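Both complexes shown next keep subunit A, but they swap its partner, so subunit B is in the first and subunit C is in the second.
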Partner chain A sequence: MSINRRQFLRRAGVVTALGLGGSFAFTGLRGTVAEAASDAGYKTSDKSLTAKHWAMVVDMSKFKSEDDIKRVTESCVNIHNIPDFGNPKDEIMWIWQDDYEHTFSGGDNEYLTESFKELPFMVLCNHCENPPCVKACPTGATFKRSDGIVDMDYHRCIGCRFCMGACPFGARSFNYRDPRPFIKKTNPNFPTRTPGVVEKCTFCVERLAKGEIPACVEASKGGLIFGDLDDPNSEVRKIVSTKFTIRRKTDLGTQPSVYYLIDRVGGGEHA
Partner chain B sequence: MLEKALTGSKKYWAWIIFLLAIIAVGFMAYLKQFTYGLGLTGMSRDVSWGLYIAQFTFLVGVAASAVMLVTPYYLHDFKKFGKMVIFGEFLAVSAVIMCILFIFVDVGQPMRILNVLLYPQLHSVMFYDMCVLCGYLAINIIVGWTSLAAERKGTHPPKWVKFFVYLSVPWAFSIHTVTAFLYSGLPGRHFWATAIMAARFLASAFAAGPSLLVLLLLIVRKVSKFDPDPPGVGAIQSLVKIIRYAMIANVFFYICEVFTAFYSSMPGEMHPFEYVFVGLHGHASLVPFMWTATFLAFLGILLLVFPTRKNKVLLPIALLSIFFANWIDKGIVLIIAGFVPNSFDRVIEYFPTSNEISIVLGVYAIGFLLLTVLYKVAISVREEKAQ
Partner chain C sequence: MYKGGKIIAALIIFVAFLTFPFFYNMGKANAGPENLAANLKQAAEPQCVESADYMRTNHMQLLNDWRQAYVRDGQTEYTNSQGKTFEVNLDTCTKCHSTGSSSNAAGLSNPVANNVGVSNSAVDTSDQFCVSCHDYASVKPTCWDCPFEPEGATK
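Presenting the complex of A and B:
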């Protein structure tokens, strides 16, 4: 039996469509399994710390010396294999410091004394309740967990950087080049990243799973307070309810989970 | 029909080889970027999108502009556009292919790009953008190819094609609207977060796209025996009217933006406009571009408003002015100024690298190669019929 070109093409088309359809049905199934796995995250043992809404309070009165800042940022760099390229263009930052004026845009006040102007604010991912980065991500590589943490899946990220455009806090970094040669001392217990993916602070999900508080909180000696905002007895909740705290860009409605406690900050006459 | 692209004059082949050479250079540059990473571009932590995404945005507009021929011809029975419609559709095909390539060269992990299909996120505008772009590509290939094949045989295109023709009209609007939503839906990017963004996108697209098309048709007229606008028809002049009104609307929308920013005096709204028109914190790399665009926009409009639009020399100048005004506005400034000043109110500038520019030129060359082949087929069919 011989067939002409038209018949051949038609039959080939049907076979291809069947094949593609079948593979979609299969990968669709696998997709749901992967989704479930990512939600379970690092939850491995009963020791793990859990919460309904993890949040952080930055006690501004505790950041007085260079060392107070360095201890915090370096603890993060060391355990998360964050590279140092030595140039701001490719820089990867999870937690760092900035001044009042730039951290709280629109907060410039020309009469502010130098001591206030130069207060070091620790900035990091705000783990927003309504994260615009999660909304933007076309693959679900960045997602919000049930405990409020905005996490990253480095293996699903395609590196489109839509999340970086969406984040109003500049909290996200992209691996513009291979980070591995620029890591001072590799921590074998935490993955290093490939070029072409986005990363950011994850509130140390890997440590919470082992029952440990985030590395920066541990290193801060009380400067960073971490806890469940949903628990009325937690320290963060008590501070946020009774003391004067501010958050970044609240007018955008993203509901940041990082609060800055400023009522203990000295420097004025009545300090 | 594709075999018609395999025969041509010496000039035709010289042009093809020229394009292939640029593609080769661009491909080598892409291989470099593929191995090293996007660090080879000028993009940074602060300006995380650059020329690639800007070209993508601009070309979505060029693609959508085919509707400015399709709507009058099919919906309003405006017969003058009869010989030009196919060229609009083929321009759309090449433009969408370039759009897809610009996205591809921009992602950090291109091998994973199908994750967008494997794990579709219904809350991400990018997912919808992918859907509408692929759909638009398919519609234009189907409509363009079947109508041309029918014309070659001297028959009417099959009836089912009409369905796709009508579908292409709202679809063209959707591709540029969804692309505008990529930007206008982001909180905290003041330059983009404006309700008029989609309308501005469409207006600039309907000015820039048809300008390019008319310029291409003027070239077609020069290099082939086929005249897309024979004497007495006046199709080009009709399209020029559309370009003129679209460009006036575009400039009007832009002035609305400038008024809102400066009369309200809200710093977040003003800063990006200050950055592009006068410079901010001592940084002014986009200022010459923006003033060139402003000058070209008004020059183009003036030349098209007055009878100068009928002048053989001034018409191409007007069209080039309008095309480049829009290209600077959307293909350079719009994306960069969305990131400047950054989230911390600091000005960190972006300068494309030579490797990046080689890749951009390579993608454009692929688009023009495709366009050349498609136009060659269409022209050959028409020349054959004329004999």
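Presenting the complex of A and C:
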């Protein structure tokens, strides 16, 4: 039962050849399976609205009554399955109304005209050019798209809430509880969230993909203007470059994409 | 063997204990996934996103890829290996395949079905398609944690 060196080498060579051949056979097979799917591809819909830098202008002259605000916020709540927990601690907010002190908390002009200070400001995620929430997120769950929208991937959110601490605008809300039972009117075509994820305004990316403008813009009847800031012919660009607009907390350097048009508020000659 | 009898008896008890679940469930095994085609009322054009063989082995990977494409890359259309284009959406699946995560009232309350309108009968009214395999493999899909089931109802 003893073999000499020559026999050993021969047998070892045969076994090695078999092993290598077998692995080639397997990888070859796998290659053909992968090929079946390699022609497949993903693309954006032809209907989708595209831009280099989506931005929004809030025309302060258009938000006068409670109804103007309610219409806008409810349009968002209804399509995005935003729950109402009935207490401010758990509140989920995508777009909401806030007062001057909270919106522009620099407090520069103490004797600013009272009529301006008492205005209701629509506030939402500013979709900053330098979003601090994206830098803070340890999992990449929140990210900036190439069109400037700061989006959320709920699948990756681990609920650490660093982004909520990082956001200087309080635009992010955390699901402390299961939101499903608290949704008043469900939209089956939009997902709900699970407990333990952060959510916020997404500039209605799911509507843009279908060629529709954001729901709040549609409901605002001209109070919110949405468009491509990089396009010199877009309405938002024209407003921002010709009229007086302000942005929130610009000193922080986040470069918000939401502009507040206050040109027509005081004078009233256009309104 | 020193105290051999006790050791062997203990070993027999130990082996019996270990194998108890197998003997207990013997003959009671779940029937494997039944004829899936019966749970799939085909639409007028019986064309899945990819071939049935491919989907059977790779649907979970495809769903992950779809999620990545839609959520992160904003790509909402998928062109399959035959060059046919589908909307990247779970609704695309549930038009033919029901989910079985809750009883499906004949597809009537199914918003997907309602969108289809006339071709309503093409929608699977069985609630067995996903569960028939997933229950057998004891794999719980998390698909309906966020997207609504086709019933569109809250629990």
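Here is the rule we go by: the second predicted complex is superposed on the first by the 214 of 271 C-alpha atoms of A that agree within 3 Å, B and C clash if a C-alpha of one lies under 4 Å from a C-alpha of the other, contacts with A are read in each partner's own complex, and residues count from 1 in each chain.
The rule is short, and it goes like this: a contact is a pair of C-beta atoms (placed from the backbone, for glycine too) under 8 Å apart; a residue touches a chain by one contact, two chains touch by 3 or more.
Keep in mind it's a predicted model, so treat the numbers as computed, not measured.
Colleague: Just checking: does A:137 make contact with subunit B only, subunit C only, both, or neither of them? Give me first, second, both or neither.
Modeller: first
Colleague: Quick check for you: in the superposed arrangement, does A:194 touch first (subunit B), second (subunit C), both or neither?
Modeller: A:194 sits against subunit B and subunit C alike.
Colleague: One more residue to check, A:53. First (subunit B), second (subunit C), both or neither?
Modeller: Neither partner.
Colleague: A:173 in the overlay: touching subunit B, subunit C, both, or neither? Say first, second, both or neither.
Modeller: Touch status of A:173: first partner only.
Colleague: For A:80, select first, second, both or neither according to whether it touches subunit B, subunit C, the two together, or no partner.
Modeller: Neither subunit B nor subunit C is touched by A:80.
Colleague: Which partner does A:205 reach: the first (subunit B), the second (subunit C), both, or neither?
Modeller: A:205 sits against subunit C, while subunit B stays out of touch.
Colleague: Look at the residues of subunit A and decide whether subunit B or subunit C touches more of them.
Modeller: Between subunit B and subunit C, the winner on subunit A residue contacts is B.
Colleague: Based on the superposed arrangement, let me know which partner A:162 touches: subunit B (first), subunit C (second), both, or neither?
Modeller: So A:162 only meets subunit B here.
Colleague: Check whether A:249 is in contact with subunit B, with subunit C, with both or with neither, and answer first, second, both or neither.
Modeller: First partner only.
Colleague: Report, in rising order, the residues of subunit A that make contact with subunit B in one complex and with subunit C in the other.
Modeller: 194
Colleague: Mind listing the subunit B positions that touch subunit A in their complex?
Modeller: 36-39, 41, 43-46, 48-49, 103, 106-110, 112-113, 115-116, 118-119, 121, 123-127, 130, 182-183, 186-189, 267-268, 338-339, 342-346, 348
Colleague: Which stretch or stretches of subunit C touch subunit A in the complex?
Modeller: Per the touch definition, subunit C meets subunit A at residues 50-51, 54, 58, 65, 67, 69, 71-81, 83, 88, 91, 111, 145-148, 150, 152-155.
Colleague: Going by the contact rule at the top, pick out the subunit A residues touching subunit C in the complex.
Modeller: Per the touch definition, subunit A meets subunit C at residues 33, 36-45, 48, 143, 145, 147, 151, 153-155, 180-181, 183, 186, 188-189, 191-194, 205, 209-210.
Colleague: Taking the touch rule as given, give the residues of subunit A at its contact with subunit B in the complex, in rising order.
Modeller: On the subunit A side, the touching residues are 27, 31, 34-35, 88-93, 98, 101-103, 105-106, 132, 134-141, 156-162, 164-170, 173-178, 194-198, 249, 252-254.
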